[in-house]
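Listed after this line are the structures, all set down as structure tokens.
Heads up, the next two complexes both have chain A, just with different partners, chain B and then chain C.
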Partner chain A sequence: MKNRTIKVDYLARVEGEGALYIKIKNGEVDDVKLKIFEPPRFFEAFLRDRKYSEAPDITARICGICPIAYQMSAVNAIENAFGQVPGGQIRELRRLIYCGEWIESHTLHLYMLHAPDFLGYPDVVHMAKDFPEVVEKALKLKRIGNDIVKTIGGREIHPINVKVGGFYKVPQKKDLKQLREDLLWARDAAIDTVKFTSTLTFPDFEQDYEFVSLCHDIEYPFNEGRIKSNKGLDISVEEYDFNFIEEHVEYSHALHSRLRARDNYFLGPIARYNLNYDKLSPIVKQVASDLKLPREINNPFKSIIVRGLETLYACDEAIRIIDQYEKPDEPSIQINPIEATGNGASEAPRGMLYHRYRINEEGLIMDAKIVPPTSQNQKTIEKDLKHFIPSRVNLPEKELVLQCEQAVRNYDPCISCATHFLKLHVEKEN
Partner chain B sequence: MKNKKPKLAVFKLSSCDGCQLSILDAEDELLAVLGAVDIAYFPEASSRMLPGPYDIGLIEGSVTTPHDVELARQIRKDCKVLITIGACATAGGIQALRNWKDVKEFTKIVYAHPQYISTLDRSMPVASFIHVDFELRGCPVNKYQLIDVIVAYLNNKKPNITSHSVCMECKQKGNVCVMVAHGTPCLGPVTQTGCGSICPSYDRGCYGCFGPMDSPNTSSLARNIEARGETKYDIMLAFRGFNAYSEPFRKESEVYEK
Partner chain C sequence: MDKNKFLILGIGNRFRSDDGAGVAVAEKIKKFEIDKFDVKIIDGEGTDIMESWKGYDNVIIIDAVQKNGSFGKIYEINACEEELQSDFFNYSSHAFGLAEAINVSRVINKLPKLLIVYGIEGQHFNFDTKLSAKIEKAVNKTAALIKEKYGK
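Then we have the complex of A and B:
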């Protein structure tokens, strides 16, 4: 048992295609590779010579799970280039549609992709046989997230209403009334979700991570803020490129990111929570403190609880936005393209998503750079596995594979972004 | 064997996962639909992956690598009924924008070591390599249409999916025409219905995400849009979107390329 190779050729319950390869030599982990074999789709290349106004529609197609994140990072970057940023109710509606995506995507990941791991089911349909009420509630909660995206964006997947400068059409106050009713129910369902996840059993696994997220002065971050870490990083989005490096490794179609100054880093719900705890709304803090959750979480398996907390935050924030909403006079600001380069970031459910565009005076995109969260987390996922396996190396193969997959799913890796995929392959030498 | 539930498999080639996600997005119907079948292979949703043969296979994504070609052939052998879902699988998808370019150049733009990347020159629809029983349009597919198609095949029926233009649905909804009223270019007259004419309902022109309808008059529409003052380049871009490699849209975009 001292030497072996573990291969998972097709990682399930992640978005996109990936494999995992682990080599154990003399009882030590010799090599871990997270392979992303989603074929490259070349988004950055074919965005060239397209109109700036097409970027939100095109980049949405990078990922069906978090299209809003792509649309928001794109509009942020382009508006940054032109120096024209809408405020007021348009800004609020962008936060609202993001709340919808967080509720929908976090609930999907939490109940359909991750919870089955903790409870020992292959999927949510099997889980539903033993936990019918939990699953039915989860589906309703997810639908309410989708309803927000649909109301503001026109449809759940690849919304059509997001535009550089704002929206094509904005809702009337009365259009949001039903959503508000549903969100009151959703807020309670989210509290139950946090309670449910906090009763799960977590592997004992804490690491010293560098957490990175957007940080805004007064709000829990969606679209704005400086990029900060718990180890001293504090930069504007414009400085991203100077501080982060992407490396192309042979075995993966996803580029590996690291910090220039240090090494790998950790994005997503835990990072946001640790860096922005004080910006959460009172109800979220109350639930966290009732359940005695620490203000800083260092166990990646507990991301499932934090997804619940963020779902609660998103329900609460959505209600706040709806309550103060007044229909703006114009659905978007007038955009005048200039020759410029712009940077934009936003917080996808699974972590910070960075876009940069260089645009010419006719408004055509000259070049684009897109760094999705999964490629940024990839190195941290591999490192986790290196540290996670040694104490489990003598587990039966099937069990070890399951636990490794679960460790990968902590990150909600979204692998279709094959601007940049996942399969497990553990090798033990005999 | 008689009482066994039909085995459903969901496969993926090059795509964003949005179309298969539409199944999980049908929250209200999900447990009923998935309960009526045995999910034998659906890696996005389940870690239980049973070998074929399968009664119904859904394929998402376009063929972009030599491996995809092999996979598509194997999937055909494994599935009694095979349905492609979405613009990627039925028309090559957005990634077909590479088809007019030199892929080597593309690889260099995105990757530092292009030698590690193996890819075909083109992104192609699944039906250009294997026989498919039904092609469902959309980027993404409409989840209700998707459920209708699955239910139809579960009952050994042909699905009843209309193939007229987005305009028909738009008129039924009572929208004001965005072209006539606001002069906004719209691909609605040549695009297949199914989305619920969302874009015109949100005051924007259709960008053709459901692909061409039956016998679309693309050239007449293009001339009309041109007469409204759009540039040739803009018209080329409009046809070269999410269904760029479907024949009518491809040809029209090439007319305006020059």
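Then we have the complex of A and C:
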């Protein structure tokens, strides 16, 4: 069958609602559209005329899975505007809460949404019948990520303790004691996770990607760094708008991003790993080395291994932060708003999340721009499918649909963020 | 944990109109101040649901559902006896939501002894803090029903 159309009306096991449309003409892929049809959510408009201090709580509502990323990019951008950036233990607590989000988000995606693809199960419920211990361990690991977010952020979903300048309240050293105990277990569970993922079978699919990530001089990136790529991009966060452009496509409610100088790019765990391998902690490098994982990965299906490595890093980094923690005298620095524009970025589990705010002399937000990672990865997802399908074009439709969905899930797309669930439509034309 | 305790778990997003039906029922039940009821409200992410019911033998969950157009219809499911269809709760943005949490828990033997799920069929799931009139009535009816059946 040389011509056909494949439609997935609701793509399963992704956060949010979207559809996939693939048109095959004379055996060639004629068109691929990742359709994000969830209505636009207008968060950038909601933010206008609101006080700068409301941005972390408003933007946290964009996503129940990665609210910390939204809070962090918001505070980074607003503090950048005012030229006031907290350091010391406040900075460390921000890294700690981000560790919690990476652990919970990566574990959820890795075990509940992506692993069933590799093991041949339609979902985690069927997988749990054969791997009950694995699923139980995954649930406990995710729980520990949630506990970090709850301890530092006040609650697990849409935390309420993050503010511009720091936190409303900071924990006592003793408040972190139980977390540390749990994290020792979690670190071992994360090592088992990486070993588990490394035994999976991966499609032979490597592409020449432009990987983009924040890169910090001495740390694996969460909140700070320059924006770099493997193809020469090296800019400050303030230069984001000069180097990246968002474009409307008529079939998606999420804007497509591309590099002005080139084209699509790739954000997320593999990008961070490839560009920041040296900054991983010794235990992560040791596990990667023991499993003979290359220092550069170009197969997006292997993102599941890198999510495991980043979960391990987040557990290890959280232990380091807790061990060195001393309660700061003040939970936040005094903020003095000025009329200014600020840019901020941070590394959400799915990749770099950019915020920009223009604030007036009264501290009101005049204008906001938010570019989520899924929106930035859309073009790369579509390009992957264009290259992935041709050698599989004669597969039975059900199998082809499954493999295409798996390829989309490599990116852990959070469609809710990008504007919800994927629908697949493959069309073959004679 | 007292074996007579019930966890009343309201699930939903009060900012998405009728998606807040489960939350509204939980809030009404909380006002009844029934000692044997512990009331919690969460947004519906699966692992949070599983964590919430830890230690409870008796769990009542209330959530909004999207079905055939009988707005305000109340569904009662004994989740210990029947499998939940994930598309019954298909308005959820969570890839691992209520149905997955219940079905995984069944497989790994982590279901509470009693687990009843009430689904209220919603009409509007857009941005609003108000419930539709039919759903408001169904919320009151469900809260009264739970009080009557399990609150004594």
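Rule of thumb we're sticking to: the second predicted complex is superposed on the first by the 425 of 430 C-alpha atoms of A that agree within 3 Å, B and C clash if a C-alpha of one lies under 4 Å from a C-alpha of the other, contacts with A are read in each partner's own complex, and residues count from 1 in each chain.
In this section, a contact is a pair of C-beta atoms (placed from the backbone, for glycine too) under 8 Å apart; a residue touches a chain by one contact, two chains touch by 3 or more.
Because the structure is a prediction, the values reported are computed rather than measured.
After alignment on the shared chain A, the placement of chain B and chain C results in a clash. By the document's definition of touching, both partners, chain B and chain C, reach A:124. Of the two partner chains placed around the shared chain by superposition, neither chain B nor chain C is touched by A:89. In the superposition on chain A, A:213 makes contact with neither chain B nor chain C.
In the superposition on chain A, A:135 makes contact with both chain B and chain C. Contacts of A:143 after superposition on the shared chain: both chain B and chain C are touched. Number of chain A residues touched is higher for B, counting chain B against chain C.
Within the superposed three-chain model, A:168 lies in touch with chain B and out of touch with chain C [touch as defined at top].
In the superposition on chain A, contact is made by A:44 with chain B only, not with chain C. When the shared chain is aligned, no partner comes close enough to touch A:264: not chain B, not chain C.
In the superposition on chain A, A:248 makes contact with chain B only, not with chain C. Within chain A, the residues touched by chain B in the first complex and by chain C in the second are 10, 12-17, 39, 41, 61, 64-65, 108, 112-113, 123-125, 128, 135-136, 139, 142-143, 146, 156-158, 416. Contacts from chain B toward chain A in the complex involve residues 12-22, 24-25, 27-28, 30-31, 34-35, 39, 42-49, 64-65, 68, 93-95, 97-98, 101, 103, 105-107, 109-113, 116-117, 119, 123, 139-140, 195, 198-199, 201-204, 207, 209, 234, 237, 241-242. Listed in rising order, the residues of chain A touching chain B in the complex are 10-17, 38-42, 44-46, 48, 50-51, 54, 57-58, 61-65, 67, 108, 112-113, 116, 122-126, 128, 135-136, 139-140, 142-143, 146, 154-158, 160-161, 163, 167-169, 247-248, 250, 253, 255, 331, 367, 405, 416, 418-419. Only residues 15, 42-43, 45-48, 50-51, 90, 93-96, 100, 103-104, 107-108, 110, 126-127 of chain C touch chain A when the two sit together in their complex. Chain contact summary for the complex, chain A toward chain C: residues 10, 12-17, 39, 41, 61, 64-65, 108, 112-113, 123-125, 128-129, 132, 135-136, 139, 142-143, 146, 156-158, 416, 420-421.
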